[in-house]
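Below you'll find the structure, written out as structure tokens, and then a few comments.
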Amino acid sequence: MEKSEVKAILNAVAKGEMSTDEALLKLRMEPFEELGFAKPDIHRAVRQGIPEVIYGAGKTPEQIMAITAALLKNGQKTVLITRLSPESAEYVKKEIDIKYYNEARIGVAGDIPVPDTEGTVLIVTGGTSDIPVAEEAAVTAEMLGNKVNRLYDVGVAGIHRLLSHTEDIMAAKVIVAVAGMEGALASVVGGLADCPVIAVPTSVGYGASFGGVSALLSMLNSCASGVSVVNIDNGFGAGYIASMINHIGGK
Amino acid sequence: MEKSEVKAILNAVAKGEMSTDEALLKLRMEPFEELGFAKPDIHRAVRQGIPEVIYGAGKTPEQIMAITAALLKNGQKTVLITRLSPESAEYVKKEIDIKYYNEARIGVAGDIPVPDTEGTVLIVTGGTSDIPVAEEAAVTAEMLGNKVNRLYDVGVAGIHRLLSHTEDIMAAKVIVAVAGMEGALASVVGGLADCPVIAVPTSVGYGASFGGVSALLSMLNSCASGVSVVNIDNGFGAGYIASMINHIGGK
Amino acid sequence: MEKSEVKAILNAVAKGEMSTDEALLKLRMEPFEELGFAKPDIHRAVRQGIPEVIYGAGKTPEQIMAITAALLKNGQKTVLITRLSPESAEYVKKEIDIKYYNEARIGVAGDIPVPDTEGTVLIVTGGTSDIPVAEEAAVTAEMLGNKVNRLYDVGVAGIHRLLSHTEDIMAAKVIVAVAGMEGALASVVGGLADCPVIAVPTSVGYGASFGGVSALLSMLNSCASGVSVVNIDNGFGAGYIASMINHIGGK
Amino acid sequence: MEKSEVKAILNAVAKGEMSTDEALLKLRMEPFEELGFAKPDIHRAVRQGIPEVIYGAGKTPEQIMAITAALLKNGQKTVLITRLSPESAEYVKKEIDIKYYNEARIGVAGDIPVPDTEGTVLIVTGGTSDIPVAEEAAVTAEMLGNKVNRLYDVGVAGIHRLLSHTEDIMAAKVIVAVAGMEGALASVVGGLADCPVIAVPTSVGYGASFGGVSALLSMLNSCASGVSVVNIDNGFGAGYIASMINHIGGK
Amino acid sequence: MEKSEVKAILNAVAKGEMSTDEALLKLRMEPFEELGFAKPDIHRAVRQGIPEVIYGAGKTPEQIMAITAALLKNGQKTVLITRLSPESAEYVKKEIDIKYYNEARIGVAGDIPVPDTEGTVLIVTGGTSDIPVAEEAAVTAEMLGNKVNRLYDVGVAGIHRLLSHTEDIMAAKVIVAVAGMEGALASVVGGLADCPVIAVPTSVGYGASFGGVSALLSMLNSCASGVSVVNIDNGFGAGYIASMINHIGGK
Amino acid sequence: MEKSEVKAILNAVAKGEMSTDEALLKLRMEPFEELGFAKPDIHRAVRQGIPEVIYGAGKTPEQIMAITAALLKNGQKTVLITRLSPESAEYVKKEIDIKYYNEARIGVAGDIPVPDTEGTVLIVTGGTSDIPVAEEAAVTAEMLGNKVNRLYDVGVAGIHRLLSHTEDIMAAKVIVAVAGMEGALASVVGGLADCPVIAVPTSVGYGASFGGVSALLSMLNSCASGVSVVNIDNGFGAGYIASMINHIGGK
Amino acid sequence: MEKSEVKAILNAVAKGEMSTDEALLKLRMEPFEELGFAKPDIHRAVRQGIPEVIYGAGKTPEQIMAITAALLKNGQKTVLITRLSPESAEYVKKEIDIKYYNEARIGVAGDIPVPDTEGTVLIVTGGTSDIPVAEEAAVTAEMLGNKVNRLYDVGVAGIHRLLSHTEDIMAAKVIVAVAGMEGALASVVGGLADCPVIAVPTSVGYGASFGGVSALLSMLNSCASGVSVVNIDNGFGAGYIASMINHIGGK
Amino acid sequence: MEKSEVKAILNAVAKGEMSTDEALLKLRMEPFEELGFAKPDIHRAVRQGIPEVIYGAGKTPEQIMAITAALLKNGQKTVLITRLSPESAEYVKKEIDIKYYNEARIGVAGDIPVPDTEGTVLIVTGGTSDIPVAEEAAVTAEMLGNKVNRLYDVGVAGIHRLLSHTEDIMAAKVIVAVAGMEGALASVVGGLADCPVIAVPTSVGYGASFGGVSALLSMLNSCASGVSVVNIDNGFGAGYIASMINHIGGK
């Protein structure tokens, strides 16, 4: 609870404009209660004009539709639904007009935002199998108002593929590096870039990749400065952080 | 290698100002070779006016002194030495005037930078035992030209301590959250803040903390958006990334 | 075997009321043998008026029905069946009148107990995905005669949701904190509460949540005193312990 | 922050007895700030008459002495210092009269409390090597006003040793079961007891005991209901929870 | 290769009864080659009158039938097929008369052996869910000529169930202890018994049982002497070793 | 990028045969771009006459067919498709004539190479369940122009089976040792052989084999010199390295 | 408690030779209580003529001496002290005449037993570094009345060393296989032997041997039947079990 | 045992030149027995002219000296002692003239070999901290008769350092890639090279590097073909395999 709000309430009480009971109530009244129903799995409250995000995994199509409808009715311009299965997307489409991004498994209801910053978020992947996670990051960033540049399948075993795009790397304001298996991409990109790199390990691989653990450890141990890491397959999280960073310093 | 440099060399060749052999040499000549000696463990090349960083762990005092001297002689204004033991610091001080930050275990040779950005890097810790790692982050950020705000010992088991500083959290441009044991601080701070949070797990704890693994996993699984993670005890890395982010958008 | 029983038998032998062979038999005769059939997976013997508990996982519907019937015939007033699939519940319902709690996956045969204590067991969850485990705890506690207060979806990334219910936390006699992902809820609740907190990690999450291990480690490393932990997804165990604690000191 | 306190402040503002600025300050003023110095590692605030607890590990003797002195000066009747090395104890003794419990590695300054409840906390261990952890639990419980019964070296490989003390187990209001190696003690005690069992895995053992992990997993998987677990070697935590439970229902 | 065989061949060469080439061939000719086809997964060669064992997992019904037929034709009196699915058993039955043990998932072709030793192999389990693994051990031991005594569902959480069968434990020549979850059964039985105990962890359980790892670690750390351990769910291995031990000292 | 190519371009610029812009373009133009479409998952570029390799896992039949067709059209004589499901193979066969190796799950389009070296690659397995991985290695090596000798089901529990083939081991130029469970085969073969041994752990086994981890650790800890290890189930990688080694020294 | 003892007590009560109170006392009176002092860490009670065993690790020299003296005074002929440091041995020798086995780190007080069985316990090791653990097993077995045959440094990387001792392996009644690193010895010996093999992983090795875990997993996954496993470095346990087996069937 | 040797013995028996008993003895007589003393930890027997290798870790200086002396006396031209501490080296030097390589921790007695092949073994490291392991590989390879090229501190975070040495990579016949932390070096080198790459993870790093596990997993998951892996810090093993490969195809 921010200081200014508390002060406003206190002032109202001091002026007799508000009873102490009302004030007490006010102090404990939370924005999330105004929706009138539970807010399951919604990623932290965000402000006017910025998409509200629903984490679709583990929700029924009915629940997703209900929450989406409530948010739109509540004045939300854009609603982002992550981890949305094609089946659930079909169901929601019956009632609400959503755009479904197949590879990203993201649905968007309401307005599709246009980029509101000059900077570019660059998304790179090691292989083609990492693309679904990369697309989750890319579409998330786009829906949060970013220009996104995609550079896929530039894994380090063929380092020339990555190096031929050095300009893209130098031009980015923030980079999301998505890789499975040995996860070395984050280190090489981190060494080439001047900007923050958000590394996303993916569960791509077999045997001793242990569902993404190998890539995760690689990225955490990156010898390149400027690399931080999110959870395995967490494309949304990376796209969200990239957007935060890309919006610093205004347009 | 950047495009403009390559083009300049090619132009020189085209104009006959440079032989093909010279050009070939040039194209493979690297800045790091100009030092005339190996560059062990130096964290990626950084530009004029920005501190060069030496990773002191596993280096002899003699090596540290030699590299520091070479860098200063080479025109480097500030040299940052991380993971520098008090003993090595004493040794280096015999020849070079360094300032030693005891808790951070960082030595600085040359000029102490003044903040060159308006934004503030906020460093929070869960307990007092996390302070050495936090100081590594804080001093790193300060030496890279940032204003740093410290908020220590505000662990989640006494949530009121953290909440009484909500203003500091709202005012930060980027936050470094340092915590051992259950590492919950990152999630709570991530939920309160609007800016990127760099989480640093520490090896503080015993038993099932497994040398920081428990805190690391907690932070990777943070339910708050906007949290990314660096290696256990990697205060330097967090401070470095925080500085990168804090410098976005210029002053 | 309790001292008084042994003494009674010895007295009977001393008085010639019982032969030594009978006594020997008696000393080895166990209550569980009186059922006349194996007691697979029944959670420890409990006394008259308290529900007998059957662990339904890994049992055929036929076995569950047979054990339930035997227990009821044996004079058991209430029989609790945990980890009961909807299919098995349907099967059992053909012969025995059971009430099935869908989310908790618990079936109850016989009388539904009314609360027999003043104190309240508070069940809190981090997210909506933790609700099935929470309900297993809640229904277990209710069937063991407790008043239960539910406080769901108050995860630490939106700490205000939890703080707006501080009164519920202060009013509880014992709390069950159910959370997956980073499991930070237990620490925050433990820091706010004055009573014992039973933490239940859930297998909710993906990637580095490792099926609940991340939450488990978090909870074991809680910096809040008063927090103890049960197995991942073990809602029953938490509800059982909570009931034990809530019944201390009588009504 | 409790409702009544907030209401009192609001009332004072309404009556003009307090300015809004003062009220704002008040609302953010925390008990811990009254100490006038940082409260590093102090286990959650506890009320008048109950010992304040300092976690001694990782603190210098000077820090421990300073915090202890401050607490005593502040009116604290009893101060408990856990994980206190004999060397630090010697240092503190120079200035402050503390009683040092050697095996428990606990120091106590101020009054030694007398039991204020009828119920008994039973501490059992599997072997003699588990005794230091058990003593940490036992002395903690005693300093928090509990009667403590010790039953050491009753590991399950010689089950008759444990069974010959069934009466002690039946008589306890809460049990702390301390064991390393295979940690089976918790299950057997849990099966014999009617009261909550707090299991403490210890790092005693070698090879595949993995510093207490084997015992920890055993205890988490206990087939006995009523068993919850704390961190490896966390005797303090177990003693604290046991005291909480033992004090339920008043005397 | 045994000394006597080698000597016989050498003698034949010395006497001119065998050429050096024939001898060379002989020395490298192996019993397993006489079958004329590959011997996939057959558990080590055993002598006349003792069942040959086929590991059925990962073999097609056709392969199992072919190997079984070959062995029987080769003079093998009894053929034991472990990890045999009901479907494969049905297939094999079309051509070969086998007896199928449902719970043990073992098929037996040829003669069913009668016990050829006086001693008894005792199989104990912690719960009913452990019975399939226990039956694999039991049927294996029976097919290898042992008397087997079964004592199921005597887990340590209800220690009286186990103690009421102390006589069975004292009477056994070797014990197989089968348990999942916390695996404490092995320690308690090991403490009661005078004979070797083969512990079999099972994958029964959930959460932190990690597919049998918890029970495995428990058993390896048993504080009872006389306990050795086989792989998770390896009922066959335990039954085989038990038979080896039970046959020592002849009848 | 190789020195000679760079020099050639520079020479052309020097002679005015190429503009600096063209040169710049050339320097960044990569062979892989000439294909005119993305190169997903293709195992590193190899030269004329050597099969191009497509990693089939995670690709749609359509993608596999498209890439194969493109490569053949591009002049590639042989195309190797690993991890190709029978279903995908059927699909591809509709348009392109491929030979499908069932156990190896490899498809080959274009010419089947004949061995172009004298040396032999020996593939050994511990059991029959390891054969699919072994065949992946064997067919890979054959398609890369090697003579392959197979020696299957010679696990160390029946060491005579392995020893009767000592000659094969001595005759090999490089050995691929494929084993699951305890993975001891690599050590024993390594001790018998004079040539490099590539060890491939397989995910064959159950319980504490942990999906190949046990075999992997065994092989990494081999006390035999000359043994190196690839990922669990990575038959392709082992066959590829074996071919590299077998081709050293020409024919 | 054995049936006959209970019956005797009951008979005495029936005949009036014993009061019920005396009987009750008797039934709970345990041999270990007769020692008059705590029995810390003594490996299970064993009968007259068989050494009592003290686990020396974690005991002070004073404690060891006191327990040893008490046991000898109590009529114990031989006392075995395992994990006894040379320093503690020196201390104990001041008062009690003990024989100290340096490599085994075992001390023996009282009579040195002579073998009382015909059978031989064979102890094999993979390397020389495994010898201390092997000697713990060997001396334990000798002190329990067994003939012991040692076969050291016969690791599988030089399989001929092991094979040249096939006779020893065939002649043993039970084998203890001690190995670190990849632990393959147990499988190879298990394949050659007809008798039970007790495998002891050792913590010898580095890197991915993980303090014996690699060897432990290898041994648990042994493809040879007849192999069971004890804890890492548990030579005592293996020697104890080997003695149990070797004594079956009398002399 | 090789076929030719066996045949020679058989021929001698056939001709009456050797008795059957002598032959039997001969067949079991092993080269290692001719040394007349135990061969602890010697890395597999190698032929005339090739250094014998002693693994120095865990051996006393006296043992090392004795084995070295015996080998030299036995006609061995060069003896390599790995993992030799400076202290042990000093001790051995008293009696035997050895050359000690400080960083590699290797001692060499007898002749220092000269390269006997044309091919070059390239050793690359990621950082300077990896140099000791790299030197173990390098000196091993040199002592086995190889030309060695060292390329140190070319980690992937500064990819230009590595790329400026592409020629060295292309010129090597076999490469040893040594790296800790994220271990990405192996993949990048593997992608640039045409020859086999032996990857050596090092225990360099902290936190989530887990003593080399992170680098190990990275290397096992390398997306570059041609990479195989040895144990953490196993420089000797890598140098040995590199030498094997480098010697293929003669000079």
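When the chains are written out, they are named A, B, C, D, E, F, G and H in that same order, and each has its own residue count from 1.
FYI, contacts are C-beta pairs under 8 Å (C-beta built on N, C-alpha and C of every residue); 3 or more make two chains touch, one makes a residue touch a chain.
In this text the structure is predicted, and so the values were computed from the model without any measurement.
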Among the other chains, which touch chain E and chain F together? G, H
Separation of chain F from chain A in steps, with touching chains one step apart: 1
So which pair out of F-H, A-B or A-F basically repeats E-F, with more than half the contacts the same? A-F
Is the C-beta contact count larger for E-H or for C-E? C-E
Separation of the C-alpha centres, chain B versus chain H, in whole Å, is 38
What is the distance, in whole Å, between the centres of chain D and chain F, each centre taken as the mean of its C-alpha atoms? 59
How many angstrom lie between the CA centroids of chain C and chain F, rounded to a whole number? 54
Chain E touches at least 2 other chains through residues 1, 3, 44, 127, 157-158, 191, 207-209, 213, 216, 220-221, 224-225, 231-232
Chain G to chain D touching residues, read off their complex: 1, 28-30, 32-33, 38-41, 44-45, 57-59, 201, 203, 211-213, 216, 231-234
Give every residue of chain G touching chain F within the complex, in rising order. 126-127, 155-159, 163, 181-184, 186-188, 190-192, 205, 207-210, 213-215, 217-225
If you look only at chain D, which of its residues touch chain A in the complex? 3, 6-7, 10-11, 13-14, 16, 19-20, 23-24, 27
Can you list the chain D residues touching chain G in their complex? 127-129, 152-153, 157-158, 160-161, 164, 204, 206-209
Considering the complex alone, what residue numbers of chain C touch chain D? 1-3, 43-44, 53, 119, 166-167, 170, 173, 190-191, 195-196, 198, 216, 220-221, 224-232, 236-238, 240-241, 244-245, 248-250
